[in-house]
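Heads up, the next two complexes both have chain A, just with different partners, chain B and then chain C.
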Partner chain A sequence: MDVTVFAQQIANGLVNGMAYVLIATGLTLVFGVLRIVNFAHGEFYMLGAYITYFVGTLLGIDYLAAAAIAAVVVAALGIAANKLIFWPLRRDHEFTILLSSLGLALLISNGGELLFGADPKYVDSPFADEVLDIGAITLTQQRVLVFAAAVVALIGVYLFLRYSRFGKMMRATAQNPDGAALTGINIKLVHGYTFALACGLAALAGALVGPTVMIFPTIGNWAVLKGFIVVIMGGLGSVTGALFAGLLLGVIESLGGGYISLGFMEAIGYAMIIVVLLWRPNGLFSTARGLR
Partner chain B sequence: MGHTVGMAGGVAALCVLPFLAGNAYLEHLLALWMLYALLALSLNIVIGYLGELTFGHAAFVGVGAYTSALLSTQLGLPPLLGLPLAAVAAALFGLVIGYAALRVVGPQFTILTLGFGSILYTITNNWVDLTRGPMGISDIPPMAIGPMTFTSARETYFLILALVLAVGFLCHALVNSRTGRAFLAVRENAPLAASLGINVFHTKLLGFVVATAIAGLGGAIYAHYIKVITPDIMGVQNVAALIIVVIIGGRGTIVGPILGALVYIGLLEALRVAGPLRMVIFAALLTGTVVFLPGGLVSLWQRWRTTHKADNNLPAGNGVPSAEGGAE
Partner chain C sequence: MFGRRTLLATAAALALAIPMFGGLGGAKAQQPPVRIAVIGPMSGTGAFDGQLGLEGAQAMAAVINAKGGVAGGRKIELLTYDDKGSPEEGVSAAKRAMEQDNVDLIIGGWFSAVALSLKEATRDKIVTVMTSSQHPKVTEEGHKYLFRLNATSAMMSDFYSKAICERIKPKSVAFMNVNDDWGRLDLENYTKLLTNCGIEIKGHEFYNRTDTDFNTALTKLKALNPDAIYVAAINTSQGATIYRQIRQIGYRGKVIASAGNMNPKLVELSGNSLENVYSATPFTEDNGAPTMKPWLEEYRKSFKNEPSFIASLGAQAVEVLAFGVNAAGDPRAYDKIAAAMKAQPVPTVLGEVRFSDQGQATQTIHLVQVQKKQIVSVRD
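Now for the complex of A and B:
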């Protein structure tokens, strides 16, 4: 076996995996704090990529600024979605919440098709064509950026959850919403901002991955599926679990695609969750309730 | 009594309907209606009776469709034999997938079924040697029972109608049987059901396998009627369509999925001019139904009947408790 090729596959897998982690972190935060399994999460990823495209390519704004704008705009959309749909339904049965998030997902993806057209778009980035050599491994600068920006964002989220006042409020709400409310925490505010943070992360992932692929209005389906696989494998509500499971999925897909078959690459990833779940039905990092 | 008369009237109306349609296109729509009703009835066993949401149901429809299509085009097997084999193949997939996925409940189960559905879709799309990949399978022979062939829409309509009635009756008998009551007990409160000696896992697995078998049957009939199938039959759009049908019609009932299928097919045609806006409207309908009418269209009738009865039996103004005095 060629070591260089192997190392290249691992590097590619880690980059893809890091994007999965960004998507999955939002999903797992929303589940941990709001107890919502949000099927519309991938659509915020799609909106992130499209807003970057429109702001960057059409208005001529710098790519990095466009990505930041996309994250902020989508975070605001997340606040609106939470206020209109999920907050009023918070006491309803999980069945109702699941179905309404499916409805929202269909609404956004088909609305996107209506507004943006079904033809593929290409997000411009100054880093997309520049190549970086790290030892024997070759990556485009954009893919290095995906990894680096994701690491920075995740460290930021970790520090925020761990040390900031608001992060502590989020963790308290995740552990026990009623108890948190009794100590004077504004649950409504926590729900709103958690949802905004999750959507912002999804949009950031979309903005970062966008230049490495073609974007369609239906990429949200793909994103939410990857995110869910990671979240289920890591354990619902576990941020640490999402990190490990995301990187693992990325690397396994990449190796499977490189050494077995590119077409079945995705199926290999899905098959992985089955193996994990037969062994640990609640995921690798599942423990009691709360954010970890 | 009134119930039986209503049922008989409904069945009679369904039998006469294609003769009133007048043209082949409307008959085609009627056949599609019945097909979606059959598939929705099978999905309803999982969503309505077991109380679990599955996002993988279209994959089993696809397994049935591909099984029967491949058997008839590759091996030359008569479609009549392919039909039960399609159901068996889908049920086998349902058994394996249900065995793995039903270890978890609620949202996790839903996500797992989505994952399994995607595996089957990816395999179908990429195993070009067997399934011809995205090109799909064409020239599938029509359904035939002995000398009778089901080529036209009207013939197919009656074939599927018979199956819909059979499955509807099966569901009716099931709900009133010991097994069916176990289904509902598991839906309402799984730990309590387990404490009464019901094996929750086996009960759910049984329901899931029956549902997937019927889905496979429906898929096979679809393949022999439309004569062309592509992996899209397993796609997310089809999953969403089936869920929309069950929820809009009314889950946990027999009339609900049939009614929902009528609304779906009807609106799909009526809104054809609207193009991509169609799915946006369906998504809004789904969300609206879930929030404002959780019981679906069927519950409108029940709601009307209860208020109607209350008006008849009680003196006006006193019977209905005032809205302000509630537990809010």
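Now for the complex of A and C:
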């Protein structure tokens, strides 16, 4: 076995995996705190990529600033989605919420097709074609940026959840919403910024991954699928679980595609879900209800 | 003595009679349109290709309608259906078009996998023109009303392999092909043809039609150290990602694009990574065909995309059907339409096209190259 190729495939897998982690963290937060399975999560990823593209091409703003703007705008859209759909439905049956999120997903992706056009677009980044040789491994600056920015974002999320007042309110809501409300926590506010955080992270993922591929209005389907695989594997509601499961999925896909068969690559995620669910039905990192 | 009842009855009779006479008087001007179903990938990863083909067809329909339509003044009306790039969706779209919407003719078959099942749904029932699919079985196992415009993989590869052997001259090649009927057949053809002229085949990878990232596959191909990487990608967004990622993984050798899959959007999306890359295509704007100019004008006026090969196939599909309907005088006289289309060369936007007994078109193919982000014909 060629060591260089092996190392390269591991590096490819880690970068892809980190993007999965970024997508899945928002998905798992919304589930962990609010018990909402949000099928529209991938669409916020798509919007993140498109807003980065439009802010960059129409306003001429540089890539990094455009990505930051996209994350903020989509976080605001997340708050709006919560206000219009998820908050009013919070007392309804979970199937109602699930179907509403599916409806929202279809609305955004079809709306995107109408608004942005079906033609693929390319998010221009000055780092996309700059090749970095790290030892025997070749990565573009953009792919290094995906990894690095995701690490920074995740550390930020960790510190926020662990030490900030808002983070503590979120964890309290995750453990027991009624109890949290009784102690004076504003549950409506927690709903709002959980969505803002989750959608902002999804948008950031879209803005970062955008320049490594082409974007089109249905890329959200791909994102939400990968997100769910990671969330189920890592344990619903577990942020640590999402981190390990995401990286694991990325590396195993890359090695599986590299050494077994590319046709098998897509199937690996689903096969891993089955194995994990048989062996640890609550996911790799699940212990009890709540944010971990 | 006119009772209220009599008055009402007279009024009712008049109300019924007036539109009848009006209808008779306007029959010449208000003939029913000829309804053509366009069944293509309007959503999903192939959506852009579907859109381009549809735009091409719409522009040509507008050109023909402006000149008075077909079969003595009937307008062409296009109805759009989404096959989502999947064979099952294609079949259900064809059934809806024929049974519910009662269309006269069908255009479809962007991707080979869809064309292969679509032809069974329309077998011997309705005149069907397949556009860009290249799998030979589409026409080899076609039916009496089936036509296909794109050159088959075999016709393209005969022409293009010669150009690769004589002009591009790589010492060795590795293949990056889409994992579908067309991609597998394309690999088989070129492996044989390039081996015959002494080019070493280093290996191949198949990627899936739903993949968005190709680093894993390209890393494997780069490790084989080939002189050239040959890319067979129909889908514009996947193609552009592959061409970019080939350069992003640090590969510095030659890149060869599969025949029939070079378009302005691909060049735009691929940045500098397509510079000097060759391809082969039946579409060049300067081919001198009489309908090329009005079609280009109409297309540029109505749509923001650049005219492309796939758009010209959409246009050609409408043109050959219009020719058949004009010759037969009736969009439902399928035997007459099919016979007329096969009897003589049909003048189209891509020059004269001849159909074989199986309905396979013979098109003129040109070698093209990307130079300074423009697709230019390479002439000897």
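To be clear about the criterion, the second predicted complex is superposed on the first by the 292 of 292 C-alpha atoms of A that agree within 3 Å, B and C clash if a C-alpha of one lies under 4 Å from a C-alpha of the other, contacts with A are read in each partner's own complex, and residues count from 1 in each chain.
The criterion applied here is as follows: a residue touches a chain if its C-beta (ideal position, glycine included) is under 8 Å from a C-beta of that chain, and two chains touch if they have at least 3 such contacts.
Being a predicted model, the structure only gives us computed values, none of them experimental.
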item: Side-by-side fit of chain B and chain C on chain A, or clash; value: clash
item: Touched partner set for A:216, first chain B, second chain C, both or neither; value: second
item: Partner chain(s) touched by A:257 [first = chain B, second = chain C, both, neither]; value: second
item: Touching partner for A:2 - first (chain B), second (chain C), both, neither; value: second
item: First, second, both or neither for A:96, with chain B first and chain C second; value: first
item: Partner chain(s) touched by A:12 [first = chain B, second = chain C, both, neither]; value: second
item: Contacts of A:133 with chain B and chain C, given as first, second, both or neither; value: second
item: Contacts of A:173 with chain B and chain C, given as first, second, both or neither; value: neither
item: Which superposed partner A:274 touches (first chain B, second chain C, both, neither); value: first
item: Which of chain B and chain C A:25 touches, first, second, both or neither; value: neither
item: Candidates 112-120, 256-264 or 274-282 of chain C: the single one with C-alpha clashes against chain B; value: 112-120
item: Footprint overlap on chain A, where chain B in one structure and chain C in the other make contact; value: 113, 118, 263, 266
item: Residues of chain B touching chain A in the complex; value: 51, 53, 100, 103-104, 106-108, 110-112, 114-116, 118-119, 122-123, 125-126, 236, 240, 243, 247, 275-277, 279-280, 282-284, 286-287, 290-291, 294
item: Chain A partner contacts - residues on chain C that touch it in the complex; value: 42-45, 47-48, 50-51, 179, 205-208, 210-213, 215-217, 219-220, 223, 236-238, 240-241, 244-245, 247-250, 265, 269, 271-273, 305
item: In the complex, chain A residues that touch chain C; value: 2, 4-5, 8-9, 12-13, 16, 113, 117-122, 128-129, 131, 133, 138, 140, 143, 212-214, 216-219, 222, 253-254, 257-258, 262-263, 265-266
item: Interface residues, chain A side, partner chain B - complex; value: 31, 37, 85, 89, 94-96, 98-100, 102-107, 110-111, 113-114, 118, 221, 225, 228-229, 231-232, 236, 261, 263-264, 266-267, 270-271, 273-274, 277-278, 281-282
